[in-house]
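Below are the structure tokens for one structure; questions will follow.
A, B, C and D label the chains in the order they appear, each numbered from 1.
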Amino acid sequence: MSKPTAGIFGLTGCAGDQLVILNCEDQLLDLVALIDIRDFLMAGSANDTGCDLDIAFVEGAVMSKRDEQALRRVRARARTLVAIGTCAVWGGVAATDESAPRDAWLEEVYGPTGADYDSLPARALHEVVQVDYQITGCPIEKDEFVSAVANLLNGDAPLLPQYAVCVECKFRECGCLLTERGEVCCGPMTVAGCNARCPALRIPCVGCRGPAADANFASATAMFTEGGVSPQDVARKLRTFAPQGVQQ
Amino acid sequence: MPSAIEAPVTDAVWSANPYQPHAARIVRIYNMVENNHLFTLRFVDEDIGLSFRHRPGQFAMLSIPGTGEAPISISSSPSRPGVLELCVRRAGRVTNALYRMKTNDLVGLRGPYGNGFPVTEIEGHDLLLAAGGLGMAPLRSLLWYALDNRDRFGRVTLMYGARTPADMLFREELVSLVDRTDMNCLLTVDTDPGSVWKNHVGLLPGLFDHAEIDASRTFAAVCGPPVVYKFILRKLLDLGFRKDRILMSLERRMKCGVGKCGHCSIGYKYTCLNGPIFTYWDAINLPEMI
Amino acid sequence: MKILKLRKDRLDFFASVVQQFGEVHAPVEVDGGYAFRRLSRWSEARLNYPRTILPPKKYFLPQRETLFRFVPEKGYVPSAEGLDTRIILFGMHACDIYSLNILDMVFGGAYPDPYYQARRKHIVIIGIDCIPDKHCFCRSMRADFVDHGFDLFFYDIGDYYLTMVGTALGDDMVLATGPLFEQPAEADVDEYKRRSSNKRAAFQLEVEIRDLPEIFEMEYQSGIWDELGEKCLSCGSCSMVCPTCYCYDVADSADLGTRDGARMRIWDSCLFSTHALVAGGENFRHSRASRIKFRFYHKQRGFVAEYGRPSCVGCGRCVAACPVKIDIVEVLERLRGVQHAVSH
Amino acid sequence: MSTTIRIEHLARVEGHGGVTVVVEDGAVSDVRFDVFEGARLVETLVRGRRYEDVSQILSRICAICSVAHALTSIKATERAFGVEVSPQTKALRDLLFRGENIESHALHLFFLALPDYLGYPSAVALAKDYPDAVKIALRLKQLGNTIQEVIGGRAVHPVNAIVGGFGRVPAEEQLISLREALLAGIADCRAAMDLLVTLPAADYCHTDTVFAALDSTGGYGYFHGDEVTIVANGRRTQIPGDAYLGFTNEKAVPHSHAKHSSYNGRPYMVGALARLTAHHDKLDARAHEVMARLGLTLPSRDPMDNNKAQAVELSADLHLALETVDQLLSSGVHDEPPVAFQPRAGTGTAITEAPRGILIHSYRYDDEGKIASADVITPTALNAASVEDHLRCSVRQAGTNETAELTKRLEMIVRAYDPCISCSVHLVRRRDAE
């Protein structure tokens, strides 16, 4: 059986998810032995930019016409398209404020030429093309990526948790930042998979992985406002990485 | 060491492990209906095959190595031992993986689990089997059990409805029963697009007009989608069936099959231990059952 | 039962002797809370803790556990990883021991769970007396006292621990200390009784559990459930910290590049919408209200029908852990239609 | 005759950029370093956000420099609030920065730049013929990541560093195993140097270059300190950080060159080579020995030397990180909470050295501790003018019209800068979608 072909692509983002792939130091050589990575601009210069792909991993949000075209091209080439990272899955930090006056901001940051930029409000991949699987995380977790690849190679859908960060926080028996310290921790609304990284360091979760399947934003907002945080600040906080999730 | 702890007891996970799947070989894959194939399996280890004795209505846990496990009813009758037949609908991870397998491939199987139909109680009575759509899968075992032990049952009636002839599970097999004189096999389809169907056309409850049923001496086994329950149950109650003689096979999420994982719990019953066959009286008592 | 006593200031010595029977694990402080951890020094142990974040069920039914390794040529090979480890849980409270006795029923029965059973046989339990705090209602749940399920149990009687010897192994531990343990005097027994009745009075919470199953049936349609459903975050904390919540998920994980892998079981919770979801999208407990109702119903009514008693031991963990302060005692009392009452 | 050399998509760099060079009669008539990143407007997005979220949001500007962004952000906030952190925190931050530098340099040197020198399209292709070298490189990269994980809680977008200190200080055992890893890393690095010294020369451009680097306090480092040293024609100038607008020319907007930074009208280079040029005297003899082995003489007139400078830093960082770990272990690590402080209105500017050069975060806070305005200036933006200058110079000096060869050289020069295009939040020249 010939090796499945794959491409790794980045739209507008921080390249963190591609970097995490390169950070799989222990598995990298196995990975390239198992899949034929034909198109990975960040890591190589001899890319086949037109071939069909069994799997395409796409990072970043769609933030320009150029991104949109690139994504459509990748979709047309790929049998399976996997969104990697919170930007690709939910829009990410750049999507946090959809009511932002973009034109004014562009001009403010880039000067008078800003207005001419090819710039669109951030969208997640699934808003533009059909996405087969989503691996969230800002950035994605190495383990989740590697096991998702293992599943995909077997022909199975990746198995990813849908429950909240609290579950893993309890697994690790960390002190609860909400009940014990009254902090604004987004753990109950945020999907697990990071092994409760932040609470384990006594740092409140900022929700970088996007919402858990059963997130109850209305109740969470009430909980935080009762704790003395202004509704506006709560809304901002909950929207930081995945504003779409809050709307749902 | 001054210790009263005995020697390693972890042997138990080797010898008496209820979660242990046993290798079984796919001996036949039969494409009955689109995305509803009949898989015939045989245990690799003959002893395990011999000791696997199920009752109609029981289920097994099917493992696809590396992918996962799912509960599947045993569609073959214990009266026809040697192989097990599973009628599997392609629904998700495990079943997709099964559909990728070929004859001679190995899967894992453990069981049988669940209460099954109370055959000894039913024996000596008439039997009515009513199935809609995919509900035929768990009833087929009971059907053949009754036919193979014909003398132990009174009147045997099967009512089975599918959307079209192409959607009918076990179609050839069941059509061949229509002419049998020792049972009443009533088959219907909602519509017959190809005009090839020689049996009834119309909704399932309509078949009651063609059946002779004496509620006082009959057990009914019902399985199908929620609408089937809705109409058939009403009909059966109208006919005067006792609530504890109406038997239903339920589906729940299941992870262990042996009453541990908690997923199939319905209030205070486990579908895997106390079910999957429940009576209508159970259903009235158990909230959220159907 | 064999009853002895141990001078409190000799507990350290006893602990040092006990080490030769296995790894000593006891509650230690973590970020203001407590957790059972392996001790590196006896001085880390905090025996007068209110409750640990996770109950000791994590030793018997680990958060994540490999049931089988899968290798294509060999099929599913059971994993015995860690099952033989001899662990001494030093300082378990009565309610937690009681919860294990409850789990014994679930993981025993017609299909005994060999993983749980192996650990149960290998893990030594040394119980210790406790003082109820504002979340404890184990007395109402009849779990403030255990008569079995431990190897040793220490009751505080002032300068001494009155020691119940529950098993032959417990007795071996006692004997291994030489003459450390003494015979209790009548005065010691009197002191035990006095403290026992003081403890009874120290409970700030009380719930009536008689006919609770019936009340659950009567209140099945109560508006309380919708109210709780709106509030619940579905975070699952209550299930994770509950000593008697045993729901688990099973999933196969695949190794990269082979069809090798592992079958894992992982704690699950009925508060998650995936709990009763079946293939094809049908969900028997789609609404949050139906899920939180199910948690209470299963514990206080369903379990009674299955196993003869509620599967709650009144440890108060779920109350302490719930970010939106959903309080089981309050819920039970509201179901009964009485106000939250504080006795004495 | 006019030729246009266009590199549509720069490969083996972070982010999306291209290069266009128009050559007319052997002279360069136009050079453009194009950036195609969508505009994320992160500086405006943090407006109104409370201080505790700012470093988390701004670290997302770039993954490879995420420690630099997060900690520079924290430094700016601490300046604004007047927070003074503990010596232990300072040491840990220093170490965290070094971890990022090790990872980033290992990635750049071996995975992005090295394939050019040896004529391979990627490190994966290279691994077939140089398996050991690639494994060593992977280990060095991993070591950098491990440091970031142990101190920062995550290799990309650290979470443990916060205003006032750390969420949880790493435990002694973690530092002890880090120590072992560093010792192994030092041996690995030595082996890697043996390969690097054999590489063919790649000098495609010689010209006077102006350099700018943070004058780090407490030795050769990347985080502490507030003054910038500029080296031009052998003259050194010190500029206080608060006056950063004076040398970044940030707000002057002559249309096409907006935000291309210059000092006294000349473009300047930031990054490893600039740091070494300005502050190699802070490094010990061992580092100078490495410099000598690699044939790096300062001041350099060749931008490709930035690769060598990274190699020198990589080696030095391993030793310096080990020193810091030893110092932490000997003083004993304390699980101290972050220092307490009161958010207040004010401004704070922080200058640090990201792996690819000077990074500036400057904030104004309102009295609720929320961002009123934020300004971020990244090394890639600072370098942009210098990159173009060097491209122009290399075409001039090339002595060839062979497009393929020229293209390769141009790519290598851009790559030598180790640009981080996601970082270039400010780069103005962007091309619209065709």
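Note that in this section a residue touches a chain if its C-beta (ideal position, glycine included) is under 8 Å from a C-beta of that chain, and two chains touch if they have at least 3 such contacts.
These numbers come from a predicted model, not from an experiment.
If I average the Cα coordinates per chain and compare with the overall Cα mean, which chain comes out closest?
So the chain sitting closest to the middle is A.
Which chain's mean C-alpha position is the greatest distance from chain C's?
So the chain farthest away from chain C turns out to be D.
Where the centres are mean C-alpha positions, what is the separation of chain B from chain D, in Å?
Once rounded, the distance between the two centres reads 65 Å.
Quick check: how many Å separate the C-alpha centres of chain C and chain D?
52
Using mean C-alpha positions as chain centres, tell me how far chain B is from chain C in Å, no decimals.
One centre to the other, that is 38 Å.
Round to the nearest whole Å and give the separation of the Cα centres of chain A and chain D.
From the centre of chain A to the centre of chain D is 25 Å.
Send over the residues of chain A in touch with two or more other chains.
Answer for chain A, listing residues that touch two or more other chains: 154, 156, 159, 202.
Which parts of chain C, given as residue numbers and ranges, touch two or more other chains?
251, 254, 259, 261
Using the touch definition from the top, which residues of chain D touch two or more other chains?
In chain D, no residue touches at least two other chains, as defined above.
Once the touch criterion is applied, which pairs of chains come out as touching?
Touch list across chains, by label: A-B, A-C, A-D, B-C.
Sort out for me which residues of chain B touch chain A in the complex.
Touching chain A: residues 66-67, 93, 96-97, 100 of chain B.
Quick check: in the complex, which residue numbers of chain C touch chain A?
Chain C residues touching chain A: 30-33, 35, 52-54, 63-64, 230-237, 240-241, 251, 253-257, 259, 261, 267, 269, 271-274, 288, 320-324.
Of all residues in chain B, which touch chain C in the complex?
1-6, 8-10, 12-14, 16-23, 63, 65-70, 91-92, 95, 106, 108, 251-253, 255-256, 258-263, 265-270, 273, 287-288
Which residues of chain A touch chain B in their complex?
Its residues touching chain B are 154-157, 159.
Once bound in the complex, which stretches of chain A touch chain D?
Going through chain A, the ones touching chain D are 10-20, 22-23, 25-26, 28-29, 32, 37, 40-47, 61-67, 69, 92-94, 96-97, 100, 102, 105-106, 108-114, 116-120, 122, 138-139, 197-198, 200-203, 206, 208, 233, 236-237, 240.
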